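So, here's a batch of structures to check.
Both complexes shown next keep subunit A, but they swap its partner, so subunit B is in the first and subunit C is in the second.
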Partner chain A sequence: MLRYLIRRLLAAAAILLVITVITFVIFFALPSDPALLACGKTCSPSRLAEIKHSLGLDQSFLTQFWEFFKGLFAGRDFGDQSVRVHCGTPCLGISFQTDTPVLSTLLGDFPADLSLGLGAAVFFLILGVGLGTLAAVRRGRAADKAAVGLALLGVSVQIYFVGLLLLYLFVDKWQILPASGYTPLTQDPGAWFQGLILPWATLVIVYLALYTRLTRSSMLEVFAEDYMRTARAKGLSAVKVVLKHGLRAAITPIITIFGMDVGSLIGGSAVITESVFGINGIGKLAVDSVQNSDLPVILGTTLFAATFVVLANVVVDVVYGLVDPRVRLA
Partner chain B sequence: MSLLTSPQPADAEPAAAPFLDVRDLRVHFPTEDGIVKSVDGVSFTLEKGSTLGIVGESGSGKSVTSLALLGLHKGTRAQVSGEIRLEGRELVSLPEHDMRALRGRTVSMIFQDPLSALHPYFTVGAQIAEGYRVHHRVSKKEARDRAVEMLKRVGIPQPERRARDYPHQFSGGMRQRAMIAMALVCDPELLIADEPTTALDVTVQAQILDLIRDLQEEFGSAVVLITHDLGVVADIADDILVMYGGRRIEYGTVHDVLKEPQHPYTWGLLESMPQITGDVERRLNPIAGSPPSLINPPGGCAFHPRCTYKGWVPGGRCATDRPELVPVPGTGRHLAACHLTSETRTEIRGRTAAGAAQ
Partner chain C sequence: MTRRRRSIALAATAVAIALGATACGGSSSTTGSGSPTKGGTLTVLDHADFDHLDPQRVYTTEGSSMDQELVRTLTGWDETGSRPRLVGDLATDTGTPSKGDTVWTFHLRKGVTWQDGTAVTAQDVKYGVERTFSPDINGGPPYASQWLVGGSSYKGPYSGKELASVQTPDASTIVFHLDQPVADFNQTTAMPGWSAVPKAHDTGSTYDTHVWSDGPYMIKSYTKNKELVLVRNTAWKQSTDPIRQQNVDEIDVKLGQDQSAIDQQIKSDAGTAQTSIMQWPIAGSDLTTISGDPSLKSRLYDIPAPGINYLAINTTRVKDLKVRQAIEDAIDKTTVRGAFGGSAYGDYASTMLSPGIGGQRKFNLYSTDPAGDLTKARALMKQAGNPRLTMSLAVENTTTEEHFADAVKTSLGRIGITVNITPIDAANYFSTVDNVKNQYDLTWVDWIADWPNASTVLPVLFDGRQIAKLPQSNQDLSYLDDPAVNAQIDKIAKMTDVKQADAAYGALDEQIMKDAAVVPLMYMKFSELAGSKVGGVIPDPILAEPSLVHAYVKS
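For the complex of A and B:
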């Protein structure tokens, strides 16, 4: 198990390296020039050259990449003669726009995504698996058709539509909830919860479909297995047969998908949701950074999200091995 | 009397109520293409301590019959009619809740392929213990100890260790033993073994059959053994029921049916068995044709399209009249469902024996 873990983590590091390279390459293929953006309206060639130098953009692609890579492990110093900024390990760079270290910005925005992602994930997992199991047990009947239909509806509507609709109904019209947004849990748990209800609901509505259908088809496959008949033949109650023997076997593909979804959600993939509900998360940060051609932040958000997805992958494989003894890892 | 619904006559009423008494059991499955009559009028009795072998091809209805004995068709779309009396208690009309109390405890089943019949995610010990805890209020530890004890009884070495292993870590024969342990954990009175040796190789097969026989002697249970292998039946069964197309075609003691078979299908089965003695070059002698459709069974005798001897029956009755299961003259309990008269059958068998001897 340990050797497997080490191998997977090394592979994960390799993947992250490749992602970094690709992001760099894409950035350099972009037409916009961050130095120009930072220079502003009244730009003179010498000022432009100064800015370029301070941002390190006058160096070659390889040198820039190498500086970045070194910085991850050893920290980096930025700035010109007058102002020197030190950026500690792991250094993800300094934002072109705000001159603040990228890592601290990321860590500042991270709790919002963590709350948003994990909260929604818990709900859509429980609801999705519950509805899917119900649909499988009542296959072909009204409950099945209702569950699947509802799920399909959920996945067909767009996040911005559902989000805005919910905001309109709950905040404007009925005034049941206060304006949504992120309040740190440590600051005010009540406000934290209330501000996140609608964003959670929106994400759940959209993700529910996937988990309902996935659970349903996985359960139906398991129902056809011989060991389900054996369980009945032993005299187990229907509930035990379905939940203990059935769900346990059916849960493995669900775990795989769930892990990856959680990984990407907390890494900041809920961009539209953040935008609709005014949550300052990493998704919003990422979109802004692209618009501003802020390479360090682009790199930072990309790597941050990628790290979570890749790690989630490793965790999911390990958990799979824990659940299914036939897949015990060497 | 309508061909499709004529009930099979009850066999001669036994003196005392038998332990297991199945009367005119029918299991029909409604499908889009029609009603599949998997079991169409099967009756038999069984006493404790005795073994009934149910023999037939794939699709003859033997497994469906066994599932009906466990009440596993309840809640499905299957239509079950007839009676199954276990120690006087009627099972077909028994509600699911009450049937569940019997499953695994009074009636228990060993399935064909233990690798797929055991849950891959739970240890063997846990699955056996679970079977015990369903019917007995005991602590987890007591159930686990019982599981280990059962594994020992079925001859698995190092049972404490093996109880913590998963099914895929066992060999085929060991797995089947574990399955038997699980079926016997509550000391059932009726054990149904559905092709317990089909998935195993021959040497292991012999061991498993010995085990079943020993355990039967020890526990005094009644055993229904379902198989397509006549060798297996000859080895451990006391009575044989030959099924074809969901119906009974021959029923009697092992000696009567295998030594003095009375039905062309049984003759065909026996003749198609490879002989270990004799010429290696000799071709096998299968029964021509294939099993009948259960949605649209042949009129009259279910076997007649494949029967070589229907010409011996005057008036072409084989195609129109469903033969009743009647006692063979001169025997007490040997029944066969065939329009050939007893004399004709003796003549045919005499000729075939003479032919084979040449």
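For the complex of A and C:
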């Protein structure tokens, strides 16, 4: 198990390195110039050159990449003229726009995505698996059709539509909930919960279909297996048959998808949800940084999101080994 | 000023589709209405963070407006009357020019202190101005580097060197030596960059979040893109400050909420919305409903911007004067304004200088009917030989400007000109079109004056000699390089009498319009909404912001 884990982590590190290089390359291909944006209006060529130099943009691609890579492990110092700013390990650079270290900005926005992603994930997993199991058990009957139909409806509507509709109904019209948004859990648990109900609901409505259908089809496959017939013939209770024997075997593909969804959600992929509900998360940060050609932040958000997805995959693989006795981790 | 902000502001105010809502006269409740109450918290809702709060780097109207609470400048504007009045802020008066307006002397008031009680000295002001020259302190206006003697080779105070053309003979006197006469230099010194920064508390490129205050409020905490909290600066004294008051205990600026959500929140006037105000204009999609709602009139602020929304005609590509004049007459400004949101957006323009800019002369050389004069346009095209022309039009890649481009295309189609539209990404629009490598026949532009004088409009937009000097940030998008115009600009710059200069600028505006280098479209208005318990808001027509210097919250 340990050897397996180490191999997977090394592979993860390799993937992250490749992602870093690709992001760097894409950025260099972009036509916009962050030095020009920083320079402002009435930018003389000499001033532009000075700013390019202070941002380190006049160095070659390889030099810039190497400086960044070194900084990840050893920290970096910025500013050759004014007060030196030290960026500690792992240094993801200093934002061209806000002059603050990227990592601290990411960590500041992270709790919002963590709350949003994990909260929604718990709900859509439980509801999705529950509805899917119900549909599988009651196959062909009204409950099955209702569950699948409902799920399909949920995935067909768009996040921004659902989100705005919920906001209109619950916040503006019926005034049941206060304005949505993120309040830190440590600051005010009540407000944290209330502010996240609608964003969670939106994500659940959209993700539910996938888990419902996946669970249903996976369970149906398992039900067709001989050992399930044996279990029923032996007289085990329906609950035990379905949950202990059926679900446990069917869960593997669900875990795979769930891992990737959670990884990407907490890494900041819920951009539209953040935007609709006014949550300042990493998704919004990523979009803004692209618009501002803020390379350090673009790199930082990409790496951050990629790290979580990759790590989530590692966790998923490990969980396989624990849950499904048929899988032997080499 | 306000490059990025301009384009965002226009996209925001202009997404409104419906026409016809007249902007309400929405006057402010200025300080005339009873004495302000002390205490409480004023909430400011902004959909985006400030570009900078560092006074030498800020170049947007929101940032400059918020900086007024933290940072005092040499001169400032008293806007409590019917017109803004220039007064001394850190200085005792509006300065003394000498040697033909090339030397300006200011004496500082006694008793002005920093938030830690130490005195603000002339050396602090000198240090602040010198910071502008460092490449780490980038983004601000160019006037210091343009005008101060030795500015082109000075690299800022971090190199250990000082700028000799800024002298401080004693702790309360500062003298600026300019390399050309600038009659309205004391209006430049009202900009945030002409303020003091204490060397001991300068944190260089991170000063945005650590601004040391000599104003009525100081920074308690500032998390970028999240929240800025200002609290009373107990060291500030009302007796030394003719511009500001200190009424509320705290100013809480919340950043990052969607503008439409902010509009709805303040409109609903529930909870903290009652003591909230916005700095960015009402989103275009909400503008018509809000400005047409009589119940909101008392808390709606319509502030005219000292600026102009216009179409630049590239005179090096559209060389025939008759064709350019035909374009002036052919453009249907009613559909153009409709694209930007209708009459709530502003009045039709026929001059480059807007009302409120010193020197504005009212004239209209072309069609008096805003829908255009097609007959005259066609006649002009006939005189030009009825050419069938194709022209490129650059606009921002937003819905509003797509509609605008269509309006222009239709108008010019009527006189035989085929328009090819080039939409450019809004965030990079100005850095793209300002680059001489990217030239178009017609370019959409908006411009807000840095201070309300024609000197910040006409020279920068029409002096052709700049094109070679600033190839990446050329503002002369008509590519006009007329020796007569350039000579006139130089002549006016030497005039020491502001009234004489104003009159000459008005004449220059008309001269340029005769050349049909630009089609002025609309003068702009920005509308902001406040909660019902917010008082003392003064419309600031110089920044086109609701000024908070006298703001208070009613209990």
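Everything that follows uses one rule, which is that the second predicted complex is superposed on the first by the 330 of 330 C-alpha atoms of A that agree within 3 Å, B and C clash if a C-alpha of one lies under 4 Å from a C-alpha of the other, contacts with A are read in each partner's own complex, and residues count from 1 in each chain.
Convention: a contact is a pair of C-beta atoms (placed from the backbone, for glycine too) under 8 Å apart; a residue touches a chain by one contact, two chains touch by 3 or more.
Computed from a predicted structure; not experimentally measured.
Student: Under the stated touch criterion, which partner chain does A:Arg138 make contact with: subunit B (first), subunit C (second), both, or neither?
Tutor: neither
Student: I'd like to know which partner A:Asp324 touches here: subunit B for first, subunit C for second, both or neither.
Tutor: first
Student: Quick check on the superposed pair: does A:Asn292 touch subunit B, subunit C, both, or neither? Answer first, second, both or neither.
Tutor: second
Student: Between subunit B and subunit C, which makes contact with more of the residues in subunit A?
Tutor: Between subunit B and subunit C, C touches the greater number of residues in subunit A.
Student: I'd like to know which partner A:Ala179 touches here: subunit B for first, subunit C for second, both or neither.
Tutor: A:Ala179: touches subunit C, not subunit B.
Student: Just to be sure I follow: which residues of subunit A are touched by subunit B in one complex and then by subunit C in the other one?
Tutor: Dual-contact residues (subunit A): none.
Student: Across the complex, what residues on subunit B touch subunit A?
Tutor: Residues in contact with subunit A: 70, 72, 100-105, 108-109, 111, 113, 116-121, 130-131, 134-135, 166, 168, 182.
Student: Which of the residues in subunit A come into contact with subunit B in the complex?
Tutor: Where subunit A meets subunit B, its residues are 225-227, 229-237, 245, 248-249, 323-326.
Student: Can you name the residues of subunit C that touch subunit A in the complex?
Tutor: 1, 3, 49, 59, 134-142, 145-146, 152, 155-156, 158-159, 202-206, 208-209, 223-226, 256-258, 261, 264-265, 268, 427-428, 430-431, 434, 460, 469-473, 475
Student: Using the touch definition up top, name the residues of subunit A that touch subunit C in the complex.
Tutor: Contact set of subunit A toward subunit C: 31-33, 36-48, 50-51, 53-54, 78-79, 81-83, 85, 98-100, 105, 108, 172, 179, 181, 275, 278, 280, 284-285, 288, 291-293.
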